[in-house]
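Per-chain numbering from 1; labels A, B, C, D, E and F assigned in written order.
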Amino acid sequence: MANKVTAAKEFIKGLWDQNPVFKQVLGMCPVLAVTVSAENGIAMALATTFVLVFSSFVVSIIKNWIPSQVRIAAYILIIATFVTIVDLVMKAQFPALSKALGPFIPLIIVNCLILGRQEAFASKNSVGRAVLDALGMGTGFLIALFLLGATRELFGTGMILGFQIMPEVYEPWLIMILPAGAFLTLGLMMGFFNSYSEKKKAEERNTIVEKYRQAKRQAETKPLEAN
Amino acid sequence: MDLGFIIAISTMGGLGFLFAGGLALADRKLRVEENPLIGKVNEALPGANCGACGKAGCYDFAVNVVEGKAKVNGCPVGGEETAQAVATIMGVDAGASEKLLPIVLCRGGNAEAVKKMADYYGPLSCSAMDLVSGGEKMCYYGCLGGGDCVEACPFNAMFMNEDGLPEVIEELCTGCGMCAQACPKDIIEMHPESHNVFVYCKNHDDPKTSKDVCKVACIGCGICARKSDGGVVMDNNLGIIQYDVIDPDKIPFDKCRTGAIQRTDSKPDQDINLN
Amino acid sequence: MELLLIFLSAAIVNNFVLSYFLGICPFIGVSNKISSAFSMGLAATFVMSITSIVTWLIYHLILVPNNLEFLQYVSFILVIASLVQFVEMFIKKVSQPLYRALGIFLPLITTNCAILGLALFIVLKEYTFIEGIVFGLGAGAGFTLAITLMAGIREELDLADVPKPFQGAPITLVVAGILAMAFMGFAGLI
Amino acid sequence: MTTITANPSYKLEFASSPHVHSRWSTKRAMWMVVIALVPCMISAVLFYGFYQLLIMAVSVLFAVLTEAAVKYFRKREITIGDGSAVITGLLLALIVPPNFSLVFTALGAVVAIGLGKEIFGGLGFNIFNPALVGRAFLQAAFPVQITTWTVPNYAVEGVTSATPLAAFKFDKVGTEVSNMFFGNIGGSLGETSAIAVLIGGLFLVFAGVINYRVPLAMILGMVIFGGLFWLIDGTTFPDPIFQLTAGGFLFGTFFMATDWVSSPVTPKGMWIFGLGISLVLVMIRLFGGLPEGVMYAILFMNGFVPLINRYTRPTIFGEAK
Amino acid sequence: MKTIIHMLVTLSVIGVISGGVLSQLSGWADPLIAEHRQRETEAAIFEVQPEAKKYEKVEDLAFDLYKVTDEEGNELGYALPYEGNGFQGKIRLMVGVTNDLGKVVGLRVLEQVETPGLGTKIVTDPSDKANPEWFPGQFNGVITSPLITVVKNAKPSKDSEIMAITGATISSKAVVDIINSGIKELRSLKGEAN
Amino acid sequence: MSIFSKAKSFKGGVHPSEFKELTEKSAFEVMPNPNMVILPLKQHIGKDAKTLVKKGDTVKAGQVVAEPDGFISAPVHSPVSGKVMKITKEKNVSGFPAEAIIIKSDEENEIEFMPSLDPETVTPEEIRERVRLAGLVGQGGAAFPTFVKLTPPKDKVVDTVILNGCECEPYLTRDDRYMIERPDEVITGLKIIMKALGVKKGSIGIENNKPEAIDVMRKAVAGMNDVTVDVVQTKYPQGAEKMLIKAVNGREVPPGKLPMDVGCVIQNIGTAIAINDAVVKGEPVLTAAMTVSGLGINEPKNVIVRVGTPLVDILEYCGGVKDTAKKVVVGGPMMGVAQFDFDAPVMKATSGLLVLTEEEINNPEETPCLRCGMCVDACPLNLVPTKLARFSQLGRLEEAEQLGITVCMECGTCAYTCPANIPLVQWIRLGKQNVIRLQRERQSA
């Protein structure tokens, strides 16, 4: 099965079809918590991607060596190590960002997206594929976080990435940068994306039914012509 | 090598050792025997324990699959690969039995069947309609046209046509039989694909009544039964086909006055190409 | 009194789920039935109280004396993962009914950020041992409250005509949003 | 066969029993609520001027439009005639401050119907009171504007005035109960005059539109819980009469908490629901950071309704109690 | 038995590697982090005491306190980091006061978790384009005795008054309360010393 | 009406417009024999009767034309003398087709009755046998064969017989008229029932909206110490067995149990009259007394008709149908069956024929449930109808079962009061059926 998938597809599937946030509903905590602004969202997604890629890399290398009983403990230990690395580097080099993302950097450890990809993919595939998959998922995560962060920032402050977008008269909706706004925005976004794919599916089915009807109508008229 | 480094590695090494030991011990002492299938299915799952399937984690989902309470494709995270892997373990695809198709055994749509002199008022679901004097049509046995079967189809393989009767899109049908279960009048029957002769009626009324209530009813005249060498048997004013003995060539299809008995493979709409 | 405030603060005012976004995955995933949601809440509360004890001990007895604070994530998560797995095995062995009701939710808890979040909060807020335990209990109670409330609402919504694209996670998020708005009323209570 | 069956001038119908129906209908109940709101609307216009009519009109208009739009996109029957969207719009208008921005009002109405009602499937399926969802959204989005109160228009124009609750909470300034009763105070459009609310509310109770249990439980709860703290410390905590007449308590009691859809269906449940609201409200008012919390208390308890319904199901007739 | 050893070795080795890597990394990061922290404090001190050129930490106290001086070493006053409860959580401030503790010369909010867009105006108010930091700015020169007080919806009429943020009275009050109690603490300290 | 009235009752219920004034003053009229009677073989709960005649046979009035098949079944007697035209499947007033014997009346009225018995000396066995042979079924609507009710299992102790004179359904005045016109026969019937069951205590429960009947019955029982008249509150469904027992002696029949389980047997007033006729006169069930009413009929009245009379004949006899007619209902408006065909015949248990107009039906548009709780308040059995209906609609049978869907007696109170006009009863009935099927499958599995 997996061999048929080209390397490019391994990467692309994470962007939309299996988007970790909108389709798989994984890693919700950071998604909701840090997306008060697009900048935070991007930073969080990059940090997550870093951890995801490197732990996928390590896990896929040592996958045959880990006994299944301590599998989870071992994976999560590896993940935690990389997260600590990110945390320390951020604190040392980007103190402002580290402050903004607050306590959510350590929570990357328990982002089920990462552990999930280890279990589902990295532990069963070659190093190259694992990294590609991780990169794809990470990018998908980035897309989702950016969208969410940008939307919330736009409505909540009238700006995106610090640039004023809304006209001056616009009164920011504070709720968008509150917890409630995070839930509402993500819920609505998911709903709208779903309704888009739902609509496509319905259209596909309608064409099938229509074809079936047409074919049937032809079939019914034929014998009449013969008579 | 400084002291901090040594303390760090020894602490982590020690903790790792300690918990690995604990788990190893637990694994040995606390192992519980269970259906090996559960383990296998669990292996095939992503193991993210995200709960997206609505179950309490991957293991619980595996238990439910093995017990038949969850569908093999119930894991939204694993996608198709996982579904196939699980299906293979569960042996769902195995088995070469003939595919069943639902056959709608009523052709008394809005144009053919006679309505009662009073209008039905209430919910338009077949099962609910059936409770109130058997529905709006005079024929007690016919299709109610409420579309319960269409609703029940999990694969969107059915639709209600202009005449108010359900139709099956065979290409989309998986033969699960949900539609047949949903029909309160038992009009939809599941038949192997090889069956090609059907009496498209379920009416048991006497000839006069059945003629009155529907243009395309089986009126129980019995012509088909007399010519078929036991391939069709009359039961209470209705022709019942005996699929193990029937010889389609003996049935005088053109003699049936209402066209209730028909042969499907003679219909030209067999080769509908949907692609 | 201080302890009561810590408990209430964690349980209601600063609800882990609705204002800290901790434990969202199970909150969305396992909130479709009241019974399983409640069990999930209990399981989480149980693990939370154990975690608050063990991680406090590790932090204050091992990490701090040796200046190893930077190892806290690694050591905490190792503890949590192993503990959860151990508790799961234990319950499975000891009582099958209890396992059915509670234990099966345990694997979900390893990746429940609420647990790790709790451990880190206890360090961050410099709670004492007892305060840590109370905080753990409060957070567990808050998690149980939120997830059970959500499950009740979702069982009700099962009967509703929710637009199809919004069924499942989206409507759950919207409800969570409205609940979060309602919980805003408690702001400043503590 | 006979003259009877041959007579074509009437068309019969048949249906499941029962064949007769009480005079209640959704529409009738909804429009009765609208009627009950008339005193509040009048008092709002009297106290704050005709601009308030504009707020109400905008709120109703956008509520109705949103409902119609959603139904249209979902290809459902457009049911704005049942009056429920009108009520939501009116209620929302009556719980925003006087001279509130029309843009915000419209946004609130859209949110109230969209997020408060239609996303759950429309009338009858919402968990939370739609008007309160709209108002809570506004409160969270525009906290400053929505707590800027104008005093009634026979006072100096344009001066903002704290509500009695805020005055008490932050400055320990009491307000005459008679002022609150007739409406000579700052507050939301509909809630300033207790007597207008009472007229409408009692009309609803006696017309049988709303069940007496929820309002009674809320008032009792307020007297009990509010009174308890007052007895403990009469200087820091206000007396129950003040609590009852101040803020949106009465309005919430009669028009918000009693909303059919978002309140319990079981008799026992209604008592628990009402008492719960009062308890939460007292906690918020006395100990929370906000001066008023009727909205939050009701929304909070709305969330509990499914659980309440489930665990207060009446004992089936004849079953062991 | 083999699996057990396997398990033990696996987790231990991963633990050891993880510990080693992190230890090395933290060896590199810790001084940097400490430096950041130091720089931050320094910046805050000089911000709340704009005239100051030097500072020194007052040792042996239950809380942090910095004494600031100008270039000549003349005592200018104190910079006091102090914290208390705000609307939703802790607020940490750095307050600059004159030597006699009679006047506030600067205020900086170091940490807060107030409601975004509302309580956060104690730091900056994006809606006031001309002077987004009007709230902390108000404290420059406020007289501290007997206590700093808050007024609502009106311009301060006395030197010891501060205008509250509309809609965030509690946050405004919290800041004032923290300053008041910090200064009280300092006073009692000074009183003892005298 | 008011909650302060002293009359006994139960919790819940509704007060539909009564419309009793249409017929409560009109004495029974006996309708002439119809040309043709249609006798369904299933006029009772239980197994169909087995036909004893064939096409072309001549029968006398009172002759048995179908015999019971099994314990819970009842014989069918020809109500007229005449000739069997055919035996075929026919629609009947229940709305579903059933086997029926069609007899053409010859106007000769040859009668074949059983010998009469003395109510003073008759033994319980004789009573039961006579009731069985006479084909009596309960007149309350469910048409349960009467003799089964008179044959309690050995382990059940019955101490009270309650005659149900509530007639809580709107419009119907049949029992009211029975009590006013034939009080002594009601009492005799009651005494015979008490004798058959060996019971010392009899009670007649009458709603307080029938002062005349109460008066007459009180006079009739004057001086008797074993029979009382109990006045109960006017409220629908006061006439339901469980509700009446609760009102009369405060006992509650547990879900899934019968009145016998709490020591009570309930019989309808009409049944008492029929028992009196069967025992004292030897007359099997040949006629049905019924109220023909509603704003859609020209001459509302109480009539006594032959069993098997097509509805159309009765409607004609009562002056025909007005143009405003919208619905024709057999039985009461709350639990009766709407008809789509006037050829359907009257059955033994038919107690009313109503022609309703739009005004009386008052069908507001259906909307989704508003959770107003009115159905919960009204349900006399303390169920949660809205949930039951929704679960049934969505096919979630286990949950419906848990909520006690099988307890529902389909009295219609919930659907009557529902502002959203949800067909609660229809959904619940469907759910009940499915749940019972599910339970059976579970048992057999």
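Here is the rule we use: a contact is a pair of C-beta atoms (placed from the backbone, for glycine too) under 8 Å apart; a residue touches a chain by one contact, two chains touch by 3 or more.
All values derive from a computational prediction rather than experimental measurement.
K.L.:
Using the touch definition up top, find the fewest steps from chain E to chain F.
P.N.:
Counted as steps through touching chains, the separation is 2.
K.L.:
Using direct touches as single steps, what is the fewest number of steps from chain C over to chain D?
P.N.:
So the least number of steps between the two chains is 1.
K.L.:
If we look at chain A and chain B, which chains touch each of them?
P.N.:
Where chain A and chain B share a partner, that partner set is C, D, E.
K.L.:
Which chain has its C-alpha centre farthest away from the C-alpha centre of chain B?
P.N.:
E
K.L.:
In angstrom, rounded to a whole number, how far apart do the mean CA points of chain B and chain C lie?
P.N.:
41
K.L.:
Using mean CA coordinates as chain centres, what's the gap between chain A and chain F in Å?
P.N.:
Inter-chain centre distance comes to 66 Å.
K.L.:
Just curious, how far off is chain D from chain B if you go by their C-alpha centres, in Å?
P.N.:
Computed value for the inter-centroid distance: 47 Å.
K.L.:
Could you pull out the residues of chain C that touch at least 2 other chains?
P.N.:
25, 28-29, 70-71, 74, 78, 82, 85, 110-111, 159, 161, 163, 166, 171, 174, 177-178, 181, 184, 187-188
K.L.:
For chain F, which residues are shared contacts with two or more other chains?
P.N.:
95, 327-328, 337-340, 363, 368, 423, 426, 429
K.L.:
Hunt down the residues of chain D that sit against at least two other chains at once, touch-wise.
P.N.:
Where chain D meets two or more other chains at a single residue, that happens at 5, 11-16, 115, 119, 121-122, 124-125, 137, 140, 143, 289, 309.
K.L.:
Can you identify all of the chain pairs that touch?
P.N.:
Here the touching chain pairs work out to A-B, A-C, A-D, A-E, B-C, B-D, B-E, B-F, C-D, C-E, C-F, D-E, D-F.
K.L.:
Residue numbers of chain D touching chain C in their complex, please.
P.N.:
Result: residues 74, 115-116, 118-122, 124-125, 127-128, 133, 136-137, 139-140, 280, 283-284, 287-290, 293, 295-297, 299-300, 302-307, 309-310 of chain D touch chain C.
K.L.:
What does chain C use to touch chain D in their complex?
P.N.:
So the residues of chain C touching chain D come out as 34, 148-149, 152-153, 155-157, 159-163, 166, 171, 174-175, 177-179, 181-189.
K.L.:
If we count contacts the way the header does, which residues on chain E are in touch with chain B in the complex?
P.N.:
Those residues of chain E that touch chain B are 3-4, 7-8, 10-16, 18-20, 22-24, 27.
K.L.:
Help me check something: in the complex, which residues belonging to chain A touch chain C?
P.N.:
Contacts found on chain A: 25-30, 32-33, 72-73, 76-77, 79-81, 83-84, 87-88, 103, 106-107, 109-112, 115, 175, 178-184, 186-188, 190-195, 198.
K.L.:
Within their complex, state which residues of chain C touch chain B.
P.N.:
Within the complex, chain C touches chain B at residues 25-26, 28-30, 32, 36, 39-40, 62-63, 66-68, 71, 74-75, 78-79, 82, 85-86, 89-90, 92-93, 104-108, 110-111.
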